[in-house]
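In the two complexes that follow, chain A is the common piece, with chain B as its partner first and chain C second.
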Partner chain A sequence: MSDVILEFRQVGRVFTETAEPVTLFQGLDWSLNRGDSVAIMGESGTGKSTLLHLAAALDQPTSGSVWLEGQEISRMGEKALSPLRTRSVGLVFQFHFLLKEFSVLENVLLPSWLAGTPKKAATERALALLERVGLSHRLGHFPGQLSGGERQRAALARALINDPPLLLADEPTGNLDEKNAELVQNLLLELSADAKKTLLLVTHDRSFAARAGYCLHLRGGQLVRP
Partner chain B sequence: MSPGLGLKLGWTAFRSRGRGEARFLWSSSLALALGLVPLVLVLAIADGMIEGISSRTIETSLSHDQAWPLVSTPKVDPETALKVVPGFRSALREQQGFALAFSAGARLGVSLRGVEARWALDPGVRRFLKADSGSLTFPNARSAWVGRESAVKLRLKVGDTVKLLTTRSVGTLSAPRVTSLTVAAIVSVGYEELDRLWVFVPVETSLTLLDSAENPVFWGLKSDRPLAESAAFLHEVRSALGSDWQVYSWQSTGRSQFLNYQATRFLLLVVMALILLVSAVNISTSMVTLVQQRRQETAILKALGGSTGLIRSQFLVLGLGAGTVGTAVGMAAGVAVALGINGLISGLETVLNGLSALRAWISGQPFTATRLLDPAYYLESLPVKFDVPLLVLVAFGTIALAALASAVPAWRASRQRPLDVLRRA
Partner chain C sequence: MKGLPLFFLAFRYVLSRRRHRGFGSVMLSLLGLAAGVLTLNAVLSVMNGFQMTYIDSLVEVSSSHLRWLPVADEPDSIEVSTLLSRVPGVVSVLEESESQTLVQSDAGRQRGALVRGLPSDALQKDPGLRTHLKWQEGGLPQRGEVALGSALAASLGAFPGSSVKLTSLSGPSFSLLEPRVLEYRVVGVFGTGYYDLDANWVIANLSDAKVDLAGATDRYFAVKLNHPEDASWMLASLARASGRPEAEFRTWEDFNRAFFQALRTEKSAMMLLVGLMFLVVGVNIAFSQKRAVLEHRDDLALLVATGTTAARLRWVFALEGLIVGLAAALLGTFAGWGVSLGVSSLGLFSSEAFYIPEVPARMIAGEVVGIALACLASATLAAWWASGQVLKVQPGEVLKNA
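Up next, the complex of A and B:
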């Protein structure tokens, strides 16, 4: 198995929907090794989230290619991307994006349903994860009945339910108060380290970034060491 | 992917809180159900009426078949010759023509029917032809049975005398003849359009009143076989009677009438189908709204790896669910309304007449009773007949229509790019 889990080859991303085309990347070459944890920092509008979306195959580059676990995901159709998103990537956004009609347990189980994981094994793993993030007493609650920090912890458990090799987190603590932010940061870093996940983290928080394995700055469409 | 996941995701919309998704779906179902009720009702009543009118027409007017002699003295007598035909019941002479009937100060053009006395004993005739007063016998050759409406217009009752003016050819001239008859019965088949101008006399009497050259005698044939087997019966009758006779089936003698019924039924169905189509459009509109409202959920599902098939299936499940619920409710309500339609009309008539009576009492005007089912146009009560295979077809067609109406919104939802929504959130 290759050490590289994620690779950007000559990636360009230009947004043409605006009046003036906006170029975020031009010929970006970058790779992420398996098991690494990296924090991406940079000013607003430099393309940090877009980088993450490209890695999750939610967006496609205007030029170049993105490779995940040896597969060129930037050329894949929706049919092939669905199982890839389910099994290879765990996503945590700034907003929790839990389904409001589903309970906490159901929300955490949702990716396992999409992956077709046997019910018993999935439920055991979901319960263990919810225990780990401190929500075992909230299994039957709905997102509307949880605090912001609890929702984000549930989202973190959901991201890990299918045991994906790559965890992508986009400002996961951006909407939280200091105490809850610290709790979520600790959980994110500990859980990814314990499970030997590759973590790609986008954040504005320097102290949070400093806790990652290494930190990169996105400047002028290129990733550079600070 | 779990096979029931689309169903589970779709079902969540029904138990969702706060955005009225369930309300959208329930109202779509209700609209579909309301569209189905008149369709089932019209279908049941149209079928019942067509069957009721057709049966009355065949049994009391057209006969199952008619045998017309092509020569003045045919080689065979129908009654004797047809005894060999399986299912043959009777062959009775009949003569039909027109006459002017008049009585105390009233006159009316009538359809004169000369029939044999035992015609009224035929089970098919007895089933439908009823005597309001008097009895269905001819006490003598100068007796007549008068249709209910004719009796009202001519102010006749049993025992009264009615005069008939007929014409017969004498050489090149037409000679009028007036004959006095005694009313032996006032009759009705329960469908005024059919019997309002009928005056029955013994066929021996009609032979003296009508010109046989212009109004030839024919034989009305009856069979014990189901009407569906009439083609086989007709074939055997033709073989038994030979070339001296021309035989017509009820389908050919009443062809234009029956085609008219079928065309009316078809047009009614088309109108009702259009109502259903509008209901299906309503489902489609609700689904479009639902797809719009659930954009974020759809985006989340896709971001988590939900396939386009899953996204499509959850909306199709919703449309199908709304369609199935609407169809079940509409069918049940339609059948219930159809079964109770005569009671409903009677109740409505009572209420309307009560209000009219009250208004008449207050204003001092005379009260005139309202009849919602005017026997001039309808059977005296609305007959109801359920064509079960057709109703099943309508039910499945409606559900399919609902699924089809959801297909386009479902497809559009599956094409949604998750990032477009997630970025805005």
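Up next, the complex of A and C:
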């Protein structure tokens, strides 16, 4: 198995929907090794979230290619991407994106249903994760009945339910108060380290970024060491 | 397993919308469709009841199932009727006659009437006639006697034991017609359940009718079948059995063609008009689902990011339509069934307007299934069309800008 889990080859991304085309990346070459934990920092509008979306194939590069676990995801169709996303990527966003019609347990289980994981195994894993993030007493509650920190912890458990090798987190503590932010940061870093996940984290928080394995700055469409 | 969460999600969305908005668009759609199904089932069942009662009852006493019209000088018609009665499916063959007359009672009242000549053993041979011809007084007339329809007897002031005069016209040509007035004793009063018949019918003994009241062309042979609906396709076998391929037969549908065509047209128009309700509700569902897609953009984006495709998610919203359509079809069918059962007892339709004692409702399985399928199709197709919006959701954009 290759050490590289994620690779950007000569990636370019230009947004042409605006009056003036906006170029975020041009010829970006970058790779992320399996098990690494990296924080991406940068000013607003430099393309941090777009980078993450390219890594999850939620966005397509205008040039170059993106490779995930040895497969070129930037040219894949939706049908082929769908199982890859289920199996290989866990996503945590600034907003929790929990489905309000589903309970906490069901929200966490959702990706496992889509992956076709046997019910018993999926439920056992979901319960263990919810225990780990401190939500075992909230299993039957709906997102509307949770605090902001609890919602984000549930979202973290959901991202890990299918045991993906790559965890992508886009400002996961951006909407939280200091106490809850710290709790979520601790959980995210501990869980990814314990399970030997590769973590690609986008944040504005310097102290949070400093806790990752290493930190990169996105400047002028290139990832550079600070 | 993979299809299950989508159905689960669709079901949850329906429940959630009901919970959050009370009688919102989903409930309105459901109730609108159910009302359409109920109305169609109730209206069609009454129409069917009316039509089938007519077939079951009126045809038994009035036109019979088939009539063979022998040519005027047919020498061996009785022999032919014996041959016809041996055809499988034939219950009875009776020689009868029908002619117009003027009736005058002892009280001096006069009415136009139709004299129907029946043989003395008609009730023994024809069980349908025996069942549906209700004798209020007396029974079938012998020679020199007549029976009157109940409404005719009342309007003439005639009663069993009184006498009536019947006027018949006879002569070699129209210009030489001469009236003959014949007196008969009233021996019976009958009811058919149909006002028109009860107000216009006189039953005479066939022997009298043939000699004094009916012309040669007024005779016919009334054929009753086990299954009246088979009348049309039995024509050929009857003609073959009679040994006269050119024999002229008429079915009960021929005699009542205008009536049945009117019923059919009315039924089609009613289906079309009430069916428009499905169209209106379908449009409501379509716009409601389009709004639902927009409301769930975040969920859709998340689900795509988590590992399903927009094309599969489209089914969530189509399934919502299917769930609404299914619930409405079941609700409407059961409610329609209940209304149909209670139509007579609730007195929703006046029996006087239909000239029959009561208006029974009959649901036909094929029609019930057809209506339920139309309801399902309306909701599902509308939802499927609206769910095309799912394909326009850009997960990356939604997740970035939430």
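Simple rule for what comes next: the second predicted complex is superposed on the first by the 226 of 226 C-alpha atoms of A that agree within 3 Å, B and C clash if a C-alpha of one lies under 4 Å from a C-alpha of the other, contacts with A are read in each partner's own complex, and residues count from 1 in each chain.
Rule of thumb we're sticking to: a contact is a pair of C-beta atoms (placed from the backbone, for glycine too) under 8 Å apart; a residue touches a chain by one contact, two chains touch by 3 or more.
The shown structure was predicted, so the numbers you read here are calculated from the model rather than taken from an experiment.
Asker: Quick check on the chain A-based superposition: chain B and chain C, clash or fit?
Answerer: Chain B/chain C on chain A - steric clash.
Asker: Where does A:116 make contact in the superposed view: on chain B (first), on chain C (second), on both, or on neither?
Answerer: In the superposed model, A:116 contacts both chain B and chain C.
Asker: With the two complexes superposed on chain A, say which partner A:30 touches: chain B (first), chain C (second), both, or neither.
Answerer: neither
Asker: Once the structures are superposed on A, label A:56 by its partner contacts, choosing first (chain B), second (chain C), both or neither.
Answerer: both
Asker: By the touch definition at the top of the document, which applies to A:83: first (chain B), second (chain C), both, or neither?
Answerer: So A:83 meets both chain B and chain C here.
Asker: Do any residues of chain A touch both chain B and chain C, and if so, which are they?
Answerer: Chain A residues touching both partners: 53, 56, 58-59, 78-79, 82-83, 85-87, 91, 93, 95, 97, 99-102, 110-111, 113-116, 158.
Asker: Per the contact definition, I'd like the list of chain A residues that touch chain B in the complex.
Answerer: My answer: residues 53, 56, 58-59, 78-79, 81-87, 91, 93, 95, 97, 99-102, 110-111, 113-116, 144, 158.
Asker: Which stretch or stretches of chain B touch chain A in the complex?
Answerer: Against chain A, chain B makes touches at 1-2, 5, 8, 12-13, 15-18, 296-297, 300-308, 310, 418-419, 422, 425.
Asker: Could you pull out which chain C residues touch chain A in their complex?
Answerer: My answer: residues 1-2, 4-5, 8-9, 12-13, 15-16, 298-299, 301-311, 395-396, 399-400, 402.
Asker: Within their complex, state which residues of chain A touch chain C.
Answerer: For this pair, the touching residues of chain A are 49-50, 53, 56, 58-59, 78-79, 82-83, 85-87, 91, 93-95, 97, 99-102, 110-111, 113-116, 119, 158, 162, 170.
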